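The structure is given below, and queries will be raised subsequently.
For reference, chains read A, B, C and D in written order, and residue numbers begin at 1 within each chain.
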Amino acid sequence: MMGLGVGLIGSGYMGKCHALAWTSVATVFPDVRRPRLVALADATPELARQQAEAFGFSRGTGDWRDLISDPAIDVVSIAAPNQFHADMAVAALEAGKHVWCEKPMATSLKDATRMRDAARLSGKTAILGYNYIQNPMIRHARKLIAEGRIGDVNHIRLEMDEDYMADPAEPFYWKSEKKSGYGALDDFAVHPLSLLAVLHGRITSVVADMAKPYPDRPANNGGRRNVENHDIAQALFRTELGASGVLMVNRSAWGRKGRIALQIFGSRGSILYDQERMNELQIYMTEDPADLQGYRTILAAPPHPPYREFVPAPGHGLGFNELKVIECHELLQAISGEHDAYVIDFERGLEIERTVHAAAQSLEAGAWINVESISPQ
Amino acid sequence: MMGLGVGLIGSGYMGKCHALAWTSVATVFPDVRRPRLVALADATPELARQQAEAFGFSRGTGDWRDLISDPAIDVVSIAAPNQFHADMAVAALEAGKHVWCEKPMATSLKDATRMRDAARLSGKTAILGYNYIQNPMIRHARKLIAEGRIGDVNHIRLEMDEDYMADPAEPFYWKSEKKSGYGALDDFAVHPLSLLAVLHGRITSVVADMAKPYPDRPANNGGRRNVENHDIAQALFRTELGASGVLMVNRSAWGRKGRIALQIFGSRGSILYDQERMNELQIYMTEDPADLQGYRTILAAPPHPPYREFVPAPGHGLGFNELKVIECHELLQAISGEHDAYVIDFERGLEIERTVHAAAQSLEAGAWINVESISPQ
Amino acid sequence: MMGLGVGLIGSGYMGKCHALAWTSVATVFPDVRRPRLVALADATPELARQQAEAFGFSRGTGDWRDLISDPAIDVVSIAAPNQFHADMAVAALEAGKHVWCEKPMATSLKDATRMRDAARLSGKTAILGYNYIQNPMIRHARKLIAEGRIGDVNHIRLEMDEDYMADPAEPFYWKSEKKSGYGALDDFAVHPLSLLAVLHGRITSVVADMAKPYPDRPANNGGRRNVENHDIAQALFRTELGASGVLMVNRSAWGRKGRIALQIFGSRGSILYDQERMNELQIYMTEDPADLQGYRTILAAPPHPPYREFVPAPGHGLGFNELKVIECHELLQAISGEHDAYVIDFERGLEIERTVHAAAQSLEAGAWINVESISPQ
Amino acid sequence: MMGLGVGLIGSGYMGKCHALAWTSVATVFPDVRRPRLVALADATPELARQQAEAFGFSRGTGDWRDLISDPAIDVVSIAAPNQFHADMAVAALEAGKHVWCEKPMATSLKDATRMRDAARLSGKTAILGYNYIQNPMIRHARKLIAEGRIGDVNHIRLEMDEDYMADPAEPFYWKSEKKSGYGALDDFAVHPLSLLAVLHGRITSVVADMAKPYPDRPANNGGRRNVENHDIAQALFRTELGASGVLMVNRSAWGRKGRIALQIFGSRGSILYDQERMNELQIYMTEDPADLQGYRTILAAPPHPPYREFVPAPGHGLGFNELKVIECHELLQAISGEHDAYVIDFERGLEIERTVHAAAQSLEAGAWINVESISPQ
């Protein structure tokens, strides 16, 4: 008997990452049947055919709707540009397919709500590609927090920083257009918020600031063009469990490449994490003897599932792409009816979107905003 | 001919630190005449005499006013409890002494203003013990920023965290009383603000949050007592030079011991610093070739003044107490009329206090506050 | 037209790693035709069939000779136990297949020599699975050294440490038998020696020590059994380029998980690397201004080939398994006649084996040994 | 009643370090009577007088024998050039003074033996300035090892590296002359050996290599001059407690400034230390739960004596100079008859010298040497 039939829309960076996951998941996880790579859709038939061959899909198509209507396909990976997510996801769900959609969920709260509604109605599995939560070290942090190793969490600091917009000499491009979103706030903040969602819980209120390090940039036509959104954002927040916290994101932070730094403080200890050293987790515990207290650096190892499926030896290191393989495995668990599947589904994804919009509204208001006041509609 | 006559009020932790500075400064710095350690004042004559002998002062006294009126004394070190700073500093200045006062400056903005006014009137040198700015690595950061190595600074993150209030089982004590201040905000925030003052400039507006990790604590009489101020505080801010930033302080941060972490981002690079590794500075510069870009860790060394005065070999490390020796040297420079002396005087100290009060007011207002709106009176 | 036909012998840990590489290589590298996964051989037909299905091979077989005689197979991956490497590799080469053999090359110098001779005779590509050299950061180190960034290399320290034999309560098993080899010396030393081979050059003379942290271990039958080889080894060495160095390996080093630490000192700088942080490289260069000198930490990024093929964004991190994908790509380059393919072939592999045996002989001799004196026969 | 009378010979770098210790010790340690700084001797009367005033000594003298014969002096600090150590120490001991002599002990084994004999005969306290052992983190490591936290120690790696001889363009100076010693071996190795002495025990046998990164250097007269000793040395060793180990020293190691790195492996854990981060200690313990094992970084803090005497708050950091203050305190303890004083006395110092000479002899012999075979005469 054959495994699930897979369709992939988009074969750029994230599409390739999905393809690697689909092609590797059964090799890595012994409990998984090998998926059938049925069809790949991209902008043109030629590109689609070429990438289908490279990635091992049976056929390529220039029309994503053709892919969605293929009865051989059970699950659709959506790795197309953000503005298409909503239409593709809704169409796929309506066609009775499971959906694995890259983040950000959508470019408007309205679209995100539409996607959530379609998922509810279809009864199919619909998840978002928040792969950072799949890191065995993040799962381990989650387990340690749940065990009470750091006591009751009372303070959280979240940072996400890269430097791909840091060069003021870089010409204006679409990422700086207002219609592409708030800037760093929706580009980045969703990632640490996904981590917060699995490690702690929801944000209830927020006050934010956003800043432009460079007010304008060289335009392609020779002059200069005003930057329309914000490469830097920061917010103070409170959570449903009573913690205070700070969220900081910056896509023009020279020197930071893939930093997602967490500091989680509790009544009995604390946990630190930095995505740039994704195979390490630090914990401080007051249960240690006084003269032996200190942050211990735990290396990714077999006791931290599902690390063992990749390498049986500790400390050998997983990579960014392998988080997608784990996510793919969780998706397959969810599809097969496993209720504990560890994913950000469209319900939780919508919650994250609402938090982002609440932060943006707080800036306009110059005051704290309750996330609940942001209508999911 | 003899050096300056020194009086020291207070012989606890910070008093001892001043004593070490006064006794070491001429040994370390060849351009300094050895100061005369004239008198030490403490709560009782017995304690004062005992400590005077231990620290090498000629006499001890139970009355600080007696010390201030001693004509053999030229400069007064104030390391007494915070609530006495204002009276002592004003009295010393009025008696024509130079003043070296520990931070925080005072327990009210009114007192801090009174101290500033007395300093203005006296024409004497009056500085605050913001020793962290004296670290050769902080001075080096200042030089590198001034040279434009990281370009125009556009974003700053400041953290100061310790864990001495982190244990919820610790009984209530005076630090949790409202009358001792806002909590972490004035206890800690002044330190990163002093660093901001020398590395960048003034904060112009701020919105803050403050939190209590533990609403009450065991009372000495057996029951529980409500905590009256906040062990955690965070603020968003903007600076006079157009940077955005975040200030975070937490005195109940398990695992943090003496952390003062700076992240300073500019248009051409960034600088990182952590007081827990006070002999290191990290810098990222886009002037490096693309395939060689990365944070470099600079170890404290002779090219970073005044490290060389302590050890001629690089990488051997200064300690916290030695920052006070450097501060003492700067004080002596200031007293001898050196206009470039690198200190936080009472003028700048008052600015720092105003920022702290602006942050506190923003919490009450639930909105941004302009620091200028905080009357120094 | 179809890609190369692949046969895999062995489906344990390293077999799985090969399978992942074969299934991913064409997805990652756009210049590669998708290989055909023809057959997988393992100890029993049942196991082989099951693993073939899981890993995506067309068929499974319980007889590796059957696999080697399959005309649809062009290249054979050997991931079987070490004692079979020689027979399998020689048979495959004699059958006109290319060979990709896991390290260590063989369990005797005689066998290794036999493999080298068969490779010479066949004219086929025959490489060893020294995957650590494939890390983009190691390649980058190689480029930086070749560019003269650290000047002439004069001193090298190599360490490889894990702790899988560190527990004295672990029962005796085959790794402690004399017939399995010298112990840490051949188990581990070949890895740093492979790195030395690509980063610097050959070792010419050596003096070694080997030690047993635990002279005996619990035997399965209830008593205790003497440990017959050495879990710790260290050697002083000289290289053909005139550098001095130290090689240290320890498989009972509590706390070390996958450490392979390099320190390479030259006349103008130095380079540091640790496999446990495999996405980082540190370099110190005297070409930096004096007050800015320090080790810079370079994160894996697109300027370090072939990182870009995996992720276009810097600092996102590769994992241990992905090094095998790179190695697979280099193997394909070699097979297609690319003379610069970056691999450890059987010639260089034999050199590494000779160095290991020279170290062992120096212990018996209690004196320095010239590697040239170790006959490849 | 007054404290001990102190004489100091030499007012260069280490003399200044002694002066700082003598002037600070009573301020830091409450159990110490303030010493009297009686006299300072240096090369000329002028220099001596000037430095005496700067450092707070009552008088200066150009004749060290005059200082030694001063009845007001009880203890003599020797911080003069190495070749004078033996004559000064022996003379001081014969005059009934206690002696605090900088390392290295002497420039020949014969001189070192003479010093040891004089110390024995005098019955006075005679210690060497091995200040690195005084670091609270080293003492803490010693306590943890003694408690069995890492089990039985079976392997040790010691490194000491700096880069003050790393520049090949630096002109030849006396450090490269044969008569100044073996080079890095006696310049550096004594430091890690002092740490080994307090943390573990004696070395019993050794085989060493020494290397010259630069065979010649620019001579002052314009040509080039052959380097006569070795800037790099490494040795394999065995200890009296059955551990194997490696000792590596390099004074031309670009990038290393004050590195003294220790790796100590035992049957239940391991300890790491690096002098460049002298306020940190790392320990790995198998007594931790499996999923929580990792190196923990312990910051210097009040539970690590005598840190508390310097600062009551944890994580604030001691500096290199403060180790000398601790050493001074231990010296005072020893003088007052405290048998547990934690110092390297002339007996142990001679042991360290013998080990260094054994290493040097092993190079000539091209074979292992027993340290016992090195006659202390």
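Heads up, the rule we're going with is that a residue touches a chain if its C-beta (ideal position, glycine included) is under 8 Å from a C-beta of that chain, and two chains touch if they have at least 3 such contacts.
Since the structure is predicted, the reported quantities are computational estimates derived from the model, not experimental observations.
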(request) Based on which chains touch which, give the shortest step count from chain B to chain D. (result) 1
(request) Weigh B-C against A-C on C-beta contact pairs and write down the one with more. (result) A-C
(message) Using only Cα atoms to place each chain's centre, name the chain farthest from chain D.
(response) A
(request) Could you please state the distance in Å, as a whole number, between where the Cα atoms of chain C are centred and where those of chain D are centred? (result) 41
(message) Just the number, please: Cα centre separation of chain B and chain C in whole Å.
(response) 54
(request) Averaging only over C-alpha atoms, locate the centres of chain A and chain C and give their separation in whole Å. (result) 35
(request) Could you check chain A for residues that touch two or more other chains and list them? (result) 256, 293-295, 299
(request) Sort out for me which residues of chain C touch chain B in the complex. (result) 140, 143-144, 149, 283, 285, 288, 290-299, 303-304
(message) Using the touch definition from the top, list the residues of chain A that touch chain C in their complex.
(response) 13, 16-17, 19-20, 23-24, 26-28, 30, 34, 53-56, 162, 164, 256-259, 276-279, 299, 301, 310-322
(message) Under the stated contact criterion, what part of chain C meets chain D in this complex?
(response) 150, 154-155, 157, 159, 166-168, 207-209, 211, 213-214, 232, 234-236, 238, 243-244, 246, 248, 250, 252-256, 265-270, 272, 284, 286, 293-295, 366-368
